[in-house]
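There are two complexes below, and they share chain A, which is joined by chain B in the first and by chain C in the second.
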Partner chain A sequence: MPRIIGNPKKSFVTGNETAAWACLVAGADMMFGYPITPQNEIMHYWTRLAPKHGRGFLQTEDELSAGFTVCGSVQCGKKAFTATAGPGNVLMQEPFGMAEAMRLPLLAIIQQRGGPSSGTVVYSQQEVTLTTFGGNGEGMRIVYSTASHQEIYDYTIKGFNVAWKYRFPVFILGDGYQAKMREPLEMYDPEDRGIEMIKPYPLIGLEGKISAGREPQHLCNIYSLEEELYEVVMKVAAEYEALEDTIVEYDEKYCNDADIIIVSHGVVSRAADDAVKALRAQGIKAGYFRPITLRPYPRKQLRAAIAKSGAKKLLIAESAYGQLDRLTKQEIFGENVKIENLFKPGVGIIDYDIISKVKSVL
Partner chain B sequence: MSLIRIALAGEGGQGVQSVAEILAEAAYNNNQQALYIPNFGLEQRGGVSIAFIQFSDVRIGAPKFHKADVVVALSERAVSRTSVYSGPETLFVYDSGFKVSPDELPREAKKIIGIPAIETANKELHPRVFNIIIMGAVIGLTKVVSFEAAKDALESKLAYKFEKNPSLRELNFKALEIGKQMGEKALQEGGAQNA
Partner chain C sequence: MSFSINSTGRIIEAYIGEYASGKSEMAINRALDLKNQGRQVTLVDLDTVEPFYTLRTLKKVLEAMGMKVISFAREDSFGLGETGAMLNPKARWALMNEGDIIMDIGYGVQGAKTLNLVEGANESSELKILAVINGTRPMTDSKEKIREYLTELGRVDAIVLNTHLGDETTVEIIKMGNDLIQEVGCEMGIPIAYMAVNEDLHELVPAEKYAMQVKYIKRYMPGAMW
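And then the complex of A and B:
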């Protein structure tokens, strides 16, 4: 693949611009999308960049169609992606479910906005449940929750490889703040960092004959028999669970002796990081734990952090009313630790909010 | 430099977001950490436009903040809209030509500063560079970026306009200089009034 960036380039850009560049350097062939704030500029930048690099774009009639065209495109061996938010993410659950069912290497960038319904066009972390466990399936998805432009860039590149290697749909879960803010980013060509991009490959129209030299593909999203479906779902679940240790990512700081561990994800983890440093400076033993993958969740690592610290409390901070909270509780069920929360659905959380909350519960 | 938080607010078309972007880029080009985010809610359509900018030596945390170090209100409506961002340590700046009643001004502020930016722009320069005077005032008040860095950032942002009409360059730089002096003077004078 030709190098696009050349020498690593520093820039001061929005998260949406970052995402478009990341898809470009990752070798994406095609974007299908439908406009919705706050992800619009991913489409805008992509449509500016794509023609110069021989890539494609199609604005479909709605998000259902955008999701399904990605499903079709990846089956033809094209590295395709989409981006959406809020009600668009709701509509895309149908095609995302198909990607789970057929093990399609789909990549979607989600820039969360406020909800329910049209909510706000601004920001939230209220699409966690939807992105991790949306659809009528079992949540066989890989979800990276980013916290900076550098991570949007890095995990989008990584996400394409993870999708095409393991064939589970991959989600880059950002939010309206990350989408719209400008901050420094270093862009690079993946090859220059020793990252080999997996070449896309067709899933249909393959060479050879079934039973004479090649196995059938079984790209199927509907079954006649209950037992057939059962067998497939159990097989997929086993494969997903076997991958967990390979896929899981997290960040942990100051947990060795923490009395309270602050659990947060995405952009809120930046405030948590600052809060923990400030609390430590005041002699309060606070720890920091951030799941980077929300699916699969780093549950072993969080359990280990609780065990080694002997923390009596967790504080779960999120810009939603308990979505990370529910996710975390189900993953660490049985731990003897009191769970406090700081829920601010649809608005930002700053270090001051977390510091005040910690002081009020310790 | 420790963290400095600035909120700029005004009417759509006043160039609030452009000034914020130029300031943030000037800092970024000088190897400082900078983060800029516009408000982009529905209230922006016909409402007050606000830009949140932060400057630091180290990585910046949350993109928004509750209280700013400096709030600049570029319109009468923006004064009451932004008083929520003013706390005991905030320099609250507005145009001394605004007709605002005392109860519209923030209850909490380190200092409330009125500067004659609109009058100066209209009489001495050009109404269009009002926002550049404000940008200069922010630099004078906070030193978040050097005057030279601000000039460079203006140059790169407005290069295409300067190319067409070189006199605009001088006009903008002059506005920046005047604004900077206004900011510095306001600090030295101990402000127009204390809250």
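And then the complex of A and C:
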């Protein structure tokens, strides 16, 4: 693939713009999308960039179609992606479920907006439950929750490779603040960082004859009988669980001696990072734990952090009414630690909010 | 009663350009600059598509500084939701205000077209359309791209040089980007209105070294939480 960026350089960009460039350098062939704030500029930038680099774009009639056209496109061996938010993410759960059922290497960038329903166009972290466990399946998907433009860039590139290597749908979970915020980003061609991009490959119309040289490709999203489905779901679940240690990512700071560990994800973890530093400066032993993958969740790592710190409390801070909280509780069930929370659904959280909350519960 | 669009001696400027080029920052700084000269100024937030980002969160701060700001506030926005293109009536008639008018024309390259919606904009002889360009932006980081971009914007009366990299700005970065923009401006016959530099870099970028107007700006937008 020809280099696009050339010599790595820093640019002043928005998060949406970052996502479009990341898809371009990752070798994405095609975007299917339907407009919704706050992800619109991913489409805007993609449609400006794509023609210059021989890539494609189709605005479909709605999000259902956008999701399903990605499902179709990847089956034909095209590296395709979509981006959406809020109610668009709700509609796309059906095609996302198809990607889980058929093990399709779909990549979707989600820029969370307020909810329920159309909520606000601005910001929230209220699409955690939907993005991790949406649809009528078992959540067999990989979700990266980014916190900066650099991470949107890095994890989008990585996400395509993870999707095409393991064939689970991959989600880059951002939010409206990250989408619209501006900050410096170092862009690079993956090859220059020693990242080999996996070439997309067709899943249908394969060479050779079935029963004479190759097995049939059973890409099914419906089965006739309960037992057939049961076998498939159990097989997929086992494969997913076997991959967890390989996929899981997290960030942890100051947890060796923490009295309280602040658990947050995405853009809120930037506030948590500042808060922990400020609290430490005041002699309060606060720790920081951030799941980068929300699915699979770094449960072993969080349990280990609780154990080694001897922390008596966790503070779960999120711009939602308990979505990360529920996810975390189910993953660390049985730990003897009191869980406090700072829930600000649809509203930003700054370091001051976390510092005040920590002081009020210690 | 009759309103005159072309009353004498007032300044009307519209800041256009793509996302994150620095339109809002330039507009705020310019408006405050004029205000501090004792002039009557109205700052207009004209983003018809996504009016809830932009200046909204800074409205009260700017008003407290004595500025008249036309922008949606929380109390004006109830029930509007995502209603598609939305034109604040006060913004539509902004040119009928007395005194200087500084307009922040949001929503990227396409946004420049919305200036047509402002009553009197096409007839005004005072209106100056200023394109804000940052040479570290991926769409404007080479001469070819800057030329293409300026062509796409349509009418541009002057360019504002705004090359920076946020907190990581250096003198070299400023020079590298602004040189490119200036060369293209020269080739296309578009004058440079001024060069904007973060006030923190005042000493490293002294105005007397440049053959153009240098404006030292304060960054207000990082205070807008979105």
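Operating definition for what follows: the second predicted complex is superposed on the first by the 362 of 362 C-alpha atoms of A that agree within 3 Å, B and C clash if a C-alpha of one lies under 4 Å from a C-alpha of the other, contacts with A are read in each partner's own complex, and residues count from 1 in each chain.
Criterion: a residue touches a chain if its C-beta (ideal position, glycine included) is under 8 Å from a C-beta of that chain, and two chains touch if they have at least 3 such contacts.
No experiment lies behind these values; they were computed from the predicted model shown.
Colleague: Determine, for the superposed arrangement built on chain A, whether chain B and chain C clash or fit.
Modeller: They clash: once the shared chain is superposed, the two partners overlap in space.
Colleague: Between chain B and chain C, whom does A:187 touch in the aligned arrangement: first, second, both, or neither?
Modeller: A:187 contacts chain C only, not chain B.
Colleague: Considering only touches as defined above, state whether A:41 meets chain B (first), chain C (second), both or neither.
Modeller: second
Colleague: Quick check on the superposed pair: does A:352 touch chain B, chain C, both, or neither? Answer first, second, both or neither.
Modeller: A:352: touches chain B, not chain C.
Colleague: Could you tell me if A:267 is touching chain B, chain C, both of them or neither one (first, second, both, neither)?
Modeller: first
Colleague: Check whether A:162 is in contact with chain B, with chain C, with both or with neither, and answer first, second, both or neither.
Modeller: Neither chain B nor chain C is touched by A:162.
Colleague: Thinking of the overlay built on chain A, is A:12 touched by chain B (first), by chain C (second), by both, or by neither?
Modeller: The answer is both, since A:12 touches chain B and chain C.
Colleague: After superposition on the shared chain, which partner residues are touched by A:122: those of chain B (first), chain C (second), both, or neither?
Modeller: Both partners.
Colleague: Does the superposition put A:85 against chain B (first), chain C (second), both, or neither?
Modeller: After superposing on A, A:85 lies clear of both chain B and chain C.
Colleague: Answer with first, second, both or neither: which of chain B and chain C does A:177 touch in the superposed model?
Modeller: both
Colleague: Using the superposition on chain A as set up above, list the residues of chain A that contact both chain B and chain C.
Modeller: 12, 37-38, 120-122, 176-177, 180-184, 348, 350
Colleague: What residues on chain C touch chain A, complex-wise?
Modeller: 19-20, 50, 52-53, 81-82, 108, 134, 136-139, 141, 164-168, 221, 225-226
Colleague: Okay, in this complex, where on chain B does chain A touch?
Modeller: Interface residues on the chain B side: 21, 24-25, 28-29, 33-42, 59-66.
Colleague: Can you check the complex and tell me which residues of chain A touch chain B?
Modeller: Within the complex, chain A contacts chain B at residues 12, 37-38, 120-122, 176-178, 180-184, 267-268, 270-271, 273-274, 348-352.
Colleague: In their shared complex, at which residues does chain A touch chain C?
Modeller: Interface residues on the chain A side: 9-14, 17, 21, 37-38, 40-41, 44, 48, 118, 120-123, 176-177, 180-184, 187, 348, 350.
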